[in-house]
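Structures are listed in the sections that come next.
The two complexes that follow have chain A in common; it is paired with chain B in the first and with chain C in the second.
The block that comes next holds the complex of A and B.
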């Protein structure tokens, strides 16, 4: 009964976006449910490949083709916006593909409960932006739904609170600064532009992970634990380490269903199979996010970074042993963060022209500002008044402190024993500095 | 037979991971060996395949959790 209620509630949630999204997720779920059972009994590779390609085809068509022009089918005219049609498709398509592969390889038994499968895809906390759940674990959870305890309720609400804080106090405060930078509103000055560029990565993290916190918290209210999608990525000491900490469920999926099979198939080529595998993984990851030269450049940069890391790993390990970790670790974190921000520049830019214009502004001879108020703070916030300056100082202080003390904040704020002092501070900061009216849509909703 | 396989696999582990003092144990996992990453993992599998003249299917490789699982598999296909 609980499963039915959650499933119908999820479909109603999706229905608020578009009826077509509901119809499509139902059709997709039913078809994959049926083929999961078929493939567990009939080991026909051709059927597996066809179903995987069909899922991919629909993902590609519905995600990248804009139907907002409308479809004229005789008497009926359809007007479907591409975002509404694509709601959740990037995420549940990957789950469907995982399910088909796992049932084909007998790593899981197909479920007999169609509602369980629909809920696997449509579960409302995670349908819009993930996390991407493993069929083995999540179907098992749905097959034996836990009863939410008092601890689940308390921790769930706390987690939602943290998510809202990250989104409304940090991400939405940084958003206008990032927009101003990328729209080239910030005057030509190296360091200022670079900080504006870096702030997109910060905004993206707090926006996306804030959403995930809300999703995790919402699921926790039902007693359901979703898979963690972030692990303090700004503490990464290498690009490889970064990808073990950022959008973890997407990259776990890619590793299991793309990277390992490719590398293994070409294993006789030794290190070249690893590099080839990495290339395919990041190119497809770029494509998953969007079609365009900017996403391709983003992907190519990460291929370059990780290839370098793979080929020099042992040498770097030996080098690291000779230097104190108090020096090596912060330098590694600093370099990794800047490399990530450099790649995200292309991810965020509207076009390659936009990206190169920003790079031209960044790498100038007068890199550091002569006057910090006039050349740095005021351009970023779009004004030099006391109010503007106070605003941007607070924004920086809040997000820097949050990043530094993130682990501690989570430990203290999300606990069955409510930490009154921590929550008083969070509430105060939330109500004083939160953006309530001009907030931005969640960035990863577009994917 | 199994002890011969164990000795041979240990020799391969020592060569691939460049550690003459490595002691192979059945519950050994990637996290226990400093040099064990995706590159050396591929080296390890291809070296074992060459040494025992076997081909380990991907569907089997992904089920290996420990060195013991690998040795069990080699024993089962080289009887």
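The block that comes next holds the complex of A and C.
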């Protein structure tokens, strides 16, 4: 009964966006449910391949093909005006493919309950932006739905609170600065432009992880635990480390169903099989986000960074031993963060022209500002009044403090015990500095 | 134990929000740089009140005007404000000051189109107890109005536009500040180089513009006229120079001006259009189609001053 209620609630939730999405998710779930059963009984590779390709085909058609304008080859539209025709298709298609492969390989028993499978795809907290759940664990949870305990409620509400804080106090405060930088509204010097570019990565993290926190908290209210999608990515000391901490469920999926098979298949090429595997992983990850040139460049940059890391792993280990970790770690974090921001510049840009214009601005003007108020703060916030400056100082202080104390905040705020002082401070900052009137949509809704 | 903690947290939170709300109300009322707070706490008592959006705010310097007209004026205009915004400012002004003899209200075809300027709810967040303000806020910003019933939400909702003013208000209170930064209400435009590239005059109307007449704008214009009549104040409407090159892009400019003239005539209100001034041809007098640079503002204030002087003399005679 509980499963039925959650399933219907999820479908109604999707229906608020579009009823086509409800119909499509139902059809997709029924077909994959049937083929999951079929594949577990008849091990036909051709059927597996064709079902995987069909899922991919629908993902491609519904995600990239704008019926009114033809194939949409542009970059992401960060001023989201409408939600994708089939809500959440990028996420549940991957879950469906995983389910088919797992049942084919006998790693899981196909489910007999169609509602369980529909819920696996449509579960409302995760349908729009993930996390992407493993069929083995999530179907098991749905098969035996736990009863939410008092602790679940406390943890759930606290997690939702943290998510709202990240989104409304940090991400939405940074959003206008990022938009101003990428729209090239105001001429700014190199350092200012670079900070604007870097802030997009910060915005993306707080926006996306904020959503995931809300999703995990909402699921927890029902007693369901979703998979963690982030693990303090700004503490990453290398690009490979970064990808172990960022959008974890997507990269776990890609690793499991693409990277490992590729590396295994080309294992005789040793190091180069790893590089080739990573290349495919990032190209497909870029394609998953969109098929514009900007995403392709983003993917290529990550391939380049990781190839460098794979090829210089031994050398870097030697250096790390020679230098104190107090110096080596912060430098590594700094370099990693800047490289990630550099790649995200292409991820966020409307076009390659826009990306190059930003790069030109970063490297052409005199890099460091002479007058910090006029040349740095004012172009970032779009004005140099005391009010503007006060707002941008607050934004910077809040997000820097949050990043520094993120681990502690999480430990204190998402425990089974309620820490009154921590929550009181978070609530007050939320009310005093939250953006209520002009909130932005979650960035990952468009993927 | 957990429920006890939640209860303590909620009680503490609501108590703090309640105290914060009171503190913000007090602080905003103390901020001398907020026009509504300043005019409510001081007797400005001007003879001539200038009302409107950014154009008069940046264009008419009362000090320069007073030297020519020999009357005292105060610039009550504020950027981005529509007629409802102007009406509430006038309403608050009249609450604590002797009524002015004259009101000069800026009006241009853009004033009648909802796409230009707006009602700035946050400016009235600390005056929601006033019936007229409450009613107008409810009409213009229903979503804000709904949330404003929660403690502190009237301020949290527009936190970015309010926090600094509240903090500054507290500073003014503790330093016993009596006068605002701009005592006569005028603010010279801070024109930066990038303004020229950002809002390139004619580019403001890239595909020509047809002004859409708003009934709501008309309603509030008429309310200002009624309030002035009720208080027996002579209201004058005026349009400052428009950058000459932009005029051909305003497709229905003259039809819209005719409609404004019609309203003015129906209510016996004079409408002065400074359409043929030489300054309108010189780009260095403007930083956008309707806004002048400091140089342009000095020229216009001078012309306006002499124009008003003549009118005042005629009315004396």
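To be clear about the criterion, the second predicted complex is superposed on the first by the 427 of 447 C-alpha atoms of A that agree within 3 Å, B and C clash if a C-alpha of one lies under 4 Å from a C-alpha of the other, contacts with A are read in each partner's own complex, and residues count from 1 in each chain.
Please note the rule applied: contacts are C-beta pairs under 8 Å (C-beta built on N, C-alpha and C of every residue); 3 or more make two chains touch, one makes a residue touch a chain.
As the structure is a prediction and not an experimental result, all values here were calculated from the model.
When chain B and chain C are set side by side, the one touching more residues of chain A is C.
With both structures placed on the common chain, the touch criterion links A:132 to neither chain B nor chain C.
After overlaying the two complexes on the shared chain, residue contacts for A:387 are found with chain C alone; chain B is out of touch. Of the two partner chains, neither chain B nor chain C is touched by A:6. Shared-chain residue A:254: touches no atom of chain B or chain C. After overlaying the two complexes on the shared chain, residue contacts for A:435 are found with chain C alone; chain B is out of touch.
Contact with chain C, but none with chain B, is seen for A:150 once the two complexes are overlaid on the shared chain. When the two structures are aligned on the shared chain, A:424 is found in touch with chain C, with no touch to chain B. Of the two partner chains, neither chain B nor chain C is touched by A:170. Residue overlap on chain A between the chain B contacts of one complex and the chain C contacts of the other is empty.
Interface of chain A with chain B (complex): residues 105, 256, 260-261, 263-265, 267-268, 270-271, 273-274, 310, 313-314, 317. Taken together, the chain B residues at the contact with chain A in this complex read 34-35, 37-39, 42-43, 45-46, 58-59, 61-62.
Contacts from chain C toward chain A in the complex involve residues 2, 5-6, 8-9, 12-13, 16-17, 20, 143-144, 147, 152-153, 156-161, 163-165, 167-168, 190, 194, 197-198.
By the touch criterion stated above, chain A contacts chain C in their complex at residues 150, 154, 173, 185-187, 384, 386-387, 390-391, 394, 417-418, 420, 423-424, 427-428, 431-437.
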